[in-house]
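In order of appearance the chains are A, B, C, D and E, and numbering begins at 1 in each one.
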C-alpha cells in the first residue's frame, strides 16, 4: 500500500433536478516523494477528486488514506494550492504566509523563521509588508506556494497553479516548484490542462476520461526526462514523443464541440 | 515601400503628474500577405502600437500608412481582434458577426451570405441564434475571428487572441487561424507573450525592448518552419533552436522582479 | 339652460366633526342649490392649507384666521381675506389621565401638560387660557409642545403627560375607553374667536364675487340647519364624511360642541372676535404685527348672505 | 448493485432530505407568522398592550372585510398604486435620459458634477412642502414626489454604469468606424441594461416612500391618506390595516420588478 | 531637438490644456450658481414668483446672519447632526450584526428570508407615527427613525456580500482546518469590508431622511423642526434657509463618508 491510497472512490453531485456523476471507481496509489499529474477534459472531476483527497468533500463511496489515516479529519497534513493565488488582499504578505500556522494554532517563533526563510528562497525579499496587489502574478503565485508550504504538509495538491500566468513566468515557476519539491522530497499531485507541463514536471501522468471521471490511462514519464528540469525536459526529444501520444489520446476523449 | 509602413512613430501617455513614454522611434515595413509577431515585456507598448496602427490613437509623432493611405480615417480596412473575444453578450451570434458591415453601412445580402459561409468554414454550424455565453471559449474566439473578417479587412491586428484559452484549444485555433489567413492571403500582426506561438505562426518576430518600446531585434523564421502548420512547427528541431535564442534575448530584457 | 355651474375648490385644514356645518352644506346639497360645485380636499395642517390657497391649489381655504395674519405680516401683495366664519371658539378640551371630580385649573401646577404644536391656534388658545387662570406655562408646569398635531393623542395614550389638550373626537374616545377624562373645555374658556374661517385671496374674491356670495349663503343655510336640528340628526347627515367613526360618537361630539356654542350661527366675523384673536396671539408672542379688522376681514358678504 | 440504480437511489434520498428541510423551514416560517399574530391578539385582549394604540389582528381583519365590501379600500389602493407606478416609471425614465445626456457631453457631466453630488445627498423628503407650494396639493405633486426621490440616484447609477462599460466593446465598434451615437446604441445602452433594470428595484421602494410622504402632506385618497386620517380620528385599526396593506403591496410590486429583472437579464 | 526635452515640452502643453479645461469647467459651474441665485432674486423682486412663497436669496442671507449671531442655528444644526450620525451608526452596526447572525445560521437565514423581503419593501417612513407611539415623542424616536430606515437594507446588502465571498478563500482556510468562526473573522468579514463601507454612504443619506421625517413628527429643535415651524408661521425664508443648510451639511457628511471609504478601501 502506498503513501496516498485512493480506494474505490465514487462521487455524485446532486441538485433538486439533476444528479451529476462526477467520479467513478477511482483507485490510485501514490508513493512518498512521487509527483503525479492529473490530465483530463474540462469538467471530468479533477477538482472534485482533489477536494475529496483534501477532505473538503465527503465522497459518496470509497475513501482516501494518507499515511494510513483517513484524510477526512482536520490537520490532515495536506496543502492545497488553487488556480489563482487567493492571497488575502487585506493582509500583508507576512500575514498571508503565516495564516496556516495561525489558524491551526502552531504558530511559533521557529515556524515563523522557517517560513520567512522559505520566502527568501523563493527570491522574494523585502515584500513582507507589501500587499498582494503590489506584486506581479508570478510573485503572488510564489507567495501562495510559501503559504501552502508553511504548515509543512506531507502532500501537496496543485490545481492548475500556473494557468493564470503568462507563458514565460509559467516556465520559470515550473522550474522553481519542481526543484523545491525535489529538495524537500514532497509528494504532490498537479492538475493541469497543459500536456507539456504534465510531462515536464511529473513522474506519472494520469489521464481521466470524460465525466463521470474514470482513470482512462496512465503514462509513466521516462526516467531520463524526470531527471531534467521542466524547462530542459520540454526540449528533449523524448518529450515530443510522449506529447504526441498523450495528445492523440486526449483528442479521442474530447467530443467535437 | 511596403504594404504597411510605420514611419518613425513616437508616443507618450500624459497624465497630470506623469508622462509615460510608451513608444520610441518605431519604423516597420510589412509586405502584403506577411504574418508578423510582436513579442516583448509586459507594458512595452505593443497594444499602444496596435491602437496607433488601427487609427484609434493619434501618435505624438510619425505616421502609419496602409497601402499608401494614412490609417487615421474611418473605414481604414483594418480588423482588430482583442485578447478576449468581446462578443456582445446581448446579441446573437448572427448579429455579432454582422455588426461590422452594419456599422459601416455595407450590410447587404452578398456580404451576409459570405460571412455565414465563413462561419461554416470555422466549423460553427447551428449557433446562429445562440448567445455568446452558450459557447465555449474556443468557439467564441472563432466567432470573434469571423466578426473581424466580415468587413474583409486588408490588415488584421491580433492582440493576444489565444491567451485566455486553455492549451489544447489554443493549439487548435493557431492552426485554424494560420490556415485561414494563408487561404485569404491576409496580412496580419500578432501580439503575443508566447515565444512558441510567435515562432510557429509568423514569418518574422519583432522583439520589443522595455518601456519605452523600441524594436530591439528582428528574427526571421526559417523558411522550412513557415511552411508547416503551427502545430507541426512546434515539433520541428529548428523551432527549439529559435526558441532558445529568443528566450535568452527576452530574458536579458526583463528586469529581475 | 340655467347659469353655468361653477366649481369651487375648497381646502380644509383637517377632517373634523368640528366643521359639521360644512359637511351639512355638502350633504344637504346647499351648495348645489346655489349653483356651485364644491370640490373638497383635506390638506392636513394650517400651513399646507394656506400654502394650497396661495399657490392656487385651492380657491377657498377653511383654516384658522391666524394664518391670514401671518401671511399678511410676511408682506403678501394679494392678502387673504376672511369672509365667512364657521366656528367661533377653540375646539380643544383639557383631558386628564386621572379621574378628577372637582377640577380646578390650579391642579395643573407642577404637572406635565402635553399641548399642541407651537405656532398654531390651539397652542395659543391653550396658553391663553392657562394664563387667564394664573398659570405661567413656562414655569408652573412642564409643557410639551414638540408633537405634530396628528400624533398628540397617541403620544398621550402611550404614556406622555398628565394632562393633554385634545380635539374631538379623540377626547370623547379617550373618555369612552377610560384613557382619560375631559375636565375642561378650552373653547368655553377662550371666548369667541374666529377659530376656523373660510377665506380666499383678494384677487379671487374680486373676480368671483357672485360665487363667494353663493358660497356664503350656502354656509349660512347649513349653520341655521345645524342650529335648528338635534345633534342626532346632524350626526346622521354628516355620517358619510366620517365612515370609520362610530355614529354614536359623532353625535356625542356634536352635542358637546353645540352646548358650548362652538358652531357659529352666522358667518359674520365681527371686530370683537378679531381683537380677541390678536390678543391671544400677542399673549403667545406669535403676533407678527397688529392688523386691523377691515383689512383682512370682509363682513359685507356675510351680512348680505344672512338677509 | 448496479451503479445507475445506486445513483438514482442516492438521488432520491437527497431529494427526500431536501424536501424535509424545506418543510421544516416552511413550518418555522408559519410558526413565526402565527405566533406573531396570536401573541398580538392575545396581548391586546389581555390588555398587556394598549388595544387602543395597537389594535388587534381580529379588529383589523373585520375592518378589512368592511372596507373590502364597501369598495373604499380598492379605491384608495388603486390611487396609491397608480401614483407609485407613475412616479417610479417617471423617475427611472427621466434619470436614464439625464444619464444619457451626461454621457453624451463629457463637458456637461463635469460641469454638473458638484450639483449632482449636492442633489444626491439632499434628503428629497424635505422638499415635499416646497413641491406642494410649486405644484399645488394634487396628484401631480404626489407623483412628482415619487419621481423626484429616485431621479438623481438613477442618473448617477446609470451614468456610472454607462461610463464603466468595458472600453474594449467601444474599441471593437470604433475599428468598424462607429459614430458616438452608434457606440451608445450598440454597446453602452445594452451593456447598461442590467444596471437600469436593477435601479428599477431600488426605485420602486423609493417611489413608495415618496408617494406615502406626498400623501401625508396633501391628499384626499390613498393609503397614506388612510394613515393620516386614522391618526386624526385616533383609529389605529385603520392605521395598522393601511400599514399592512402597504407592506403587502410594496412587497408584491418589488417581487414583480425582481421577476422582470430575472426575465430580462437572462438574455442580457 | 532631444527627445527628453520634447517630451517635457509636450507634457507642459498637455498640462496647460488640462488647466484651461478645468478653468472653463469652474467658470461654467460658477455661472450656473450665480445665475440661479440672481434669477431667483430678480424674479422675487419683480414679483414673477410670489416672494412670500419663494422668498429671495437676500432675505435668506439676512436671516442666516441673524440666526448665526443669536446662536439658534448652531443649536438646531447640532441636534440634527447628532441624531443623524447616531441613527446612521446604529443602523449600520445593527444591520451588520444581523447579517453576521444570518450568515452564521443558514437555517435562520432561510426562515427569515420572506420576512426580510417584506421589511425591505415596506416604506419605513410610514412607520414613523407608530414609532412615536412606541418610544414616546423624544430624541429616541428620531434616532430610531434614522436607524430603522437603514437597518434592513444594510442587513440584506451585507449578508449578500458575506455569502458572495469567493468560496476559494474559505477553501484555503479550511485546508488549514479553520473553524466557522475563524473563516468569518479571517475571510468573510474583511472581504466584505468594502461593501460595509459603501453601505455607509447609502445609510448616511437614508438617516437624513429618517431624522428629517422624525423631526417633522415630533421635535422642538433641529432643522426638520425649523422647516415645520417655518411653515406653521408662514416664514418661508426660514423654510428655505433650513433646506439650504440641510443640503450643505448632507453633502458634507456624504463627502466625509466618501473620503473615509477611499481611505479605508485603499488598503482593503
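FYI, a residue touches a chain if its C-beta (ideal position, glycine included) is under 8 Å from a C-beta of that chain, and two chains touch if they have at least 3 such contacts.
Every value quoted in this text rests on a predicted model; they were computed, and no experiment measured them.
*Asks:* When all chain pairs are ranked by how many C-beta pairs they have in contact, which pair ranks first?
*Replies:* D-E
*Asks:* What's the distance between the Cα centroids of subunit C and subunit E, rounded to whole Å?
*Replies:* 40
*Asks:* Measuring from the mean C-alpha position of subunit B to the mean C-alpha position of subunit E, what distance in angstrom results?
*Replies:* 48
*Asks:* Based only on mean CA positions, could you tell me how far subunit A sits from subunit C in angstrom?
*Replies:* 84
*Asks:* Send over the residues of subunit D in touch with two or more other chains.
*Replies:* In subunit D, the residues touching two or more other chains are 53, 129, 133, 231.
*Asks:* Among the residues of subunit B, which ones contact at least 2 other chains?
*Replies:* Touching at least two other chains: none.
*Asks:* For subunit C, which residues are shared contacts with two or more other chains?
*Replies:* 47-48, 51, 54-55, 150-151, 154, 157-158
*Asks:* For each chain, which other chains does it touch, given as pairs?
*Replies:* A-B, A-D, A-E, B-D, B-E, C-D, C-E, D-E
*Asks:* Name, in rising order, each residue of subunit B that touches subunit E in their complex.
*Replies:* So the residues of subunit B touching subunit E come out as 10, 12, 14, 16, 19, 21, 24, 60.
*Asks:* Within the complex, which stretch of subunit E touches subunit D?
*Replies:* 24-25, 28-29, 32, 53-54, 107, 110-111, 114-115, 117-118, 120-127, 129-130, 133, 204-205, 208-209, 212-213, 224, 227, 231, 236, 239-240, 242-243, 246-248, 250-251, 253-255
*Asks:* Give the list of subunit C residues in touch with subunit E in this complex.
*Replies:* Checking each residue of subunit C against subunit E gives 45-48, 50-51, 54-55, 67, 70-71, 74-77, 117-120, 144-148, 150-151, 154-155, 157-160, 286, 288.
*Asks:* Could you please specify the touching residues of subunit E with respect to subunit B in the complex?
*Replies:* Touching subunit B from subunit E are residues 3, 7-8, 10-11, 14-15, 18.
*Asks:* Given the complex with subunit A, which residues does subunit E contribute to the contact?
*Replies:* 166, 168-169, 171-178, 182, 186-187, 190-191, 193, 267-268
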